[in-house]
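Shared between the two complexes below is chain A, which has chain B as its partner in the first and chain C in the second.
So, the complex of A and B:
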């Protein structure tokens, strides 16, 4: 009963607002440039100024935080926190030597490069033909496959990793980089396929018809006509996958417990935990710089492509 | 075009096979293991029905983690979306727009552990940059023990807001950039205020993008793991006040120091997470459903 009255009230309210709307809009015409609208404009100006200030505080704050870390990695342990805002007169590279030698970041770096590059290549190699088939052909099960892929994009990794862990420990695949690569590829196929389906759809269909008229077989058309055309889409997919995997944490943490097999994320976590026992903060900062450098260089070079790929790709 | 069944299989087969082994099978196995008392490979496990789930609903730790997640989801989400809308509006007519956007976006592509270290260095009560900065500008009274029990959760949420806002701002910007300029010109001619333009043009025209952003936020917030794990634990076990279900699942299942290595129980948490994602995505989709707008 109460719900019913609430409902009628709501409809009444909405009716009255719709009735009100027109007169209000009519009043706010351009003809009325009175003192009131000028006051409103200056209020908007102040609001915009405040907003712009907020944006810049945010941007500059983020930049300072990043730059501080880079500068700090060249300072010595004694001054890094006692005079945090000073800039060292002679940059000290010992921290980088420490990060590489004491904490063995070389292995972590090489492991990460290996895992990320192999997984990314496999993801694209497996997803691209599947995406092409889904984009261009109708075949039995294509609807189901599209649905399954869409559902899989939203499935949390947490739902996958416990049974895989149990299976891997049975066959001795824990602490194996290849074991992690297999998981990474599976995790990334759904999203990458989706991204590439929309990309292949955007390519003109006449090309395949022309190729078919020339007597080109499906396989050859795919490899010699479609793949080269799809290169921008493939590279976007590859970059997005690579960034995601470079940063991947949960699977690496669970499956790579041996410090010879650490990836950078786990190496950093371990280094951070070590600060409790033997503080060498500058080495930690050096480690952070080393592990972020490849990504940030890539980002500075291709930021538009990366941003577009990550946002438009997920917007589809 | 001529195409045999084998060609289709050749194109689709590898992906389907890979997904079957590393996606489909694990999901089914998780459902099964969640109904057993699995303790590890060497132990015999037996079917215990829904016992893990009933234990879960009575587990005070799990209920706490659930609240933590809800707070991140709603309070953090409200902040992220409010700031993203504000930034989107400001960025539209700002100089150095691309630069500002690129800097804001950067945390999104950086290793979460590195962000956690950075955030920890900023907020460390004794040596942190924030407190030292507050001293520097004579606002020492505002100093707090940011990593202490009273503030740790707030610090985590603000950190998550900081690292996500750039992404959502960019997503909304991409939606707004697709709106034809003449809508705003017409609104301007009609004398619509900025607020009116925002409510009557921007929001309706970006409705689908907002819906997508909401779905992504919910999935992201439910699964968030790396940043919190590394930040509130500083490399060791995270602070209990910041445990999300995902962190609790990891500790219960894989951390012998903090959990019981109970794989069955962990799988039950995983299934709950999956259900939560599915239900919230369905609800958001429904809330955002409308007639397609062509423009």
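So, the complex of A and C:
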């Protein structure tokens, strides 16, 4: 249980960073009362300013790196080194063609999309009902289940590689995308469940009572009332899971051997390995851009939902 | 539609706090029964036990002839209107209203027909495609009502449905709910903390405090014969004046010594309080409703010993009437009033206004602040309570359970607990 409360605190902390403006206003509000609170205000102002500066430096640095990467992927290999800060006069797409054709990024891309989307759907499909049950009812074993889930969040997945590998090789699941999906789903369920538990707790219980008075049984209430209301929470959970899995490298590398089954992260590794011999750096940049782009688009599209989901979960 | 019966119902929470104890109540088929009491008196808990949202610790709840203690809320076929409406925010008004029928597998054409009818009754037809977020408070309240009336439930349960509306809308919706209930004739159990709502809407009113029923009866019977000090001070606005006074023998008759005045006990009062003579020479609590203290000038012919002399401290013009706050005449002996405190106990007024009575007098009264008023008391309307038990002095022995007084009160009223015709 202690692990659980620690975890909810952690999510709360991350929530407050997503809405930086509000806490500061709250501190400023009652501070107009005397010299002492004025002093305290100046301290929080300095801290706030420092925090803001840090965030902006971080943002600018990341943006410059990202922009440089995109620009460089449209240059030819020579100019990347001779004038690293120049903007190419005639953008070149040959690097992208190289990345896709020579290093088989198409397969890797499709494999990743398949693995990430299937895993994410399964994770949410299992976690949502589980979280709802844990959020709403005390039943025999609910405490144990919470404890097991909390403990599972803390297990580093690396220690499971050897046993899973042995088990998989016995049943022929090595080198199978479904095998990787199974691991992905298993390792994401505990955290996602916790995220959704706090979300379901924040939904008003009166709606379930209203549904019960309307003659609706638990399952119908869950699917027709609670699940639609939990949509912001579900998208948040799905996006967090998807981002993590899109970038996942170690499990894919361990359990996928066939280059037809490679995911993007391993594809990039191969690309990088090749670059060292034929110095086609711009193709590597192009590969990185290809692997980044879908996630950036997804995030830009749904970022409002994520913030909404996290703050809703924290209650008002 | 069905009657609802509660027999010795008890609710105790796992931590040992008891919400309600020993509740015996019959909600007759088709009646509009109101549970009223201050917050924390257990009225909502009681309603939720009938609904099936709260487990019943002891006793039995019956709907119709069926005990429902073990029946899930979804299977009790009751409809409930919640304080915060509890509308499904992601559904349109039409879907909100039809949700219960969908859960009960009513065929689609029938569902749509009944939704349209309910919307028609409630004036919601133009809003059927809107979401609850785009409705005003009053409209949301109507949708919540629509969700209840669209089915044919055994009973309507309503948990303070008007408390989130502004005063004007509340009065309007109050009448609408009463009309709908009369039209459908559905048994209704309604919870409120507002005694005005209870009096105006209920044909049976159940006054509760501290987890117990204090009195059950028609609004008139509660008003005319409150069973104890709590009911006396809770029902009626402004509340009944309750003062400690000595009951004295005045020749053959009894009288109350109040300030310098003596108020005669009339045969009507003796009929309602047959035990009163045994209190002669002792202190009692006298109850006088504000409207039973009238400016002598406008009160019409009086009788012997019905005048109370008092000094006007404050005159409040209300238009239709004038409210006077009066104190004992300086120099005469004082009196001390009792008030209802926050914990639903009637006790001596702890404030400096301990001797102030309220009189609601004729709008043309010429009495001003500082005048010594001669107030005519409607002697037959005096109420007497035993200060040690807080119960109305009656034919039953002092200290008996409130229920005994309750039934007496009910019997004395001609219009108690008759169900409304459908």
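Details
The rule is short, and it goes like this: the second predicted complex is superposed on the first by the 241 of 316 C-alpha atoms of A that agree within 3 Å, B and C clash if a C-alpha of one lies under 4 Å from a C-alpha of the other, contacts with A are read in each partner's own complex, and residues count from 1 in each chain.
The working rule: a contact is a pair of C-beta atoms (placed from the backbone, for glycine too) under 8 Å apart; a residue touches a chain by one contact, two chains touch by 3 or more.
All of these numbers come straight from a predicted model, not from anything done at the bench.
Between chain B and chain C, B contacts the larger number of chain A residues. In the superposition on chain A, contact of A:214 is made with chain C only, not with chain B.
When the two structures are aligned on the shared chain, A:204 is found in touch with chain C, with no touch to chain B. Of the two partner chains placed by the overlay, neither chain B nor chain C lies in contact with A:177. Touch criterion met: A:228 reaches chain C, while chain B stays clear of it. In the overlay built on the shared chain, the residue A:256 is in contact with neither chain B nor chain C. By the touch criterion defined above, A:68 reaches chain B but does not reach chain C.
Chain A uses residues 209, 212 to touch chain B in one structure and chain C in the other. Taken together, the chain C residues at the contact with chain A in this complex read 51-53, 72-75, 77-80, 82, 84, 86-90, 99-100, 103-104, 147, 151, 157. Within the complex formed with chain C, the residues of chain A that make contact are 204, 206-207, 209-217, 220, 224-225, 228-229.
Those residues of chain B that touch chain A in the complex are listed here as 1-3, 7-8, 10-12, 14-16, 18-19, 21-23, 25-27, 29-30, 33, 38, 40-41, 86-87, 89-91, 94, 98-114, 116-118, 120-122, 127, 129, 132, 136, 162, 165, 167, 170-171, 174-175, 189-194, 196, 209, 212, 215-216, 219, 222-223, 225-226, 229-230, 233-236, 246, 249-250, 253-254, 263, 266-267, 269-271, 273-274, 277-278, 281. Residues of chain A that touch chain B in their complex: 25, 28-30, 32, 40, 44, 48, 51-52, 54-56, 58-59, 62-63, 65-66, 68-69, 81, 84-85, 126-127, 129-130, 132-134, 137, 139, 145, 148-149, 152, 154-166, 169-170, 182-183, 185-187, 189-190, 193, 208-209, 212, 218-219, 222, 243, 246-247, 249-250, 253-254, 264-265, 268-276, 284, 288, 291-292, 295-296, 299, 303-304, 306-308, 310-312, 314-315.
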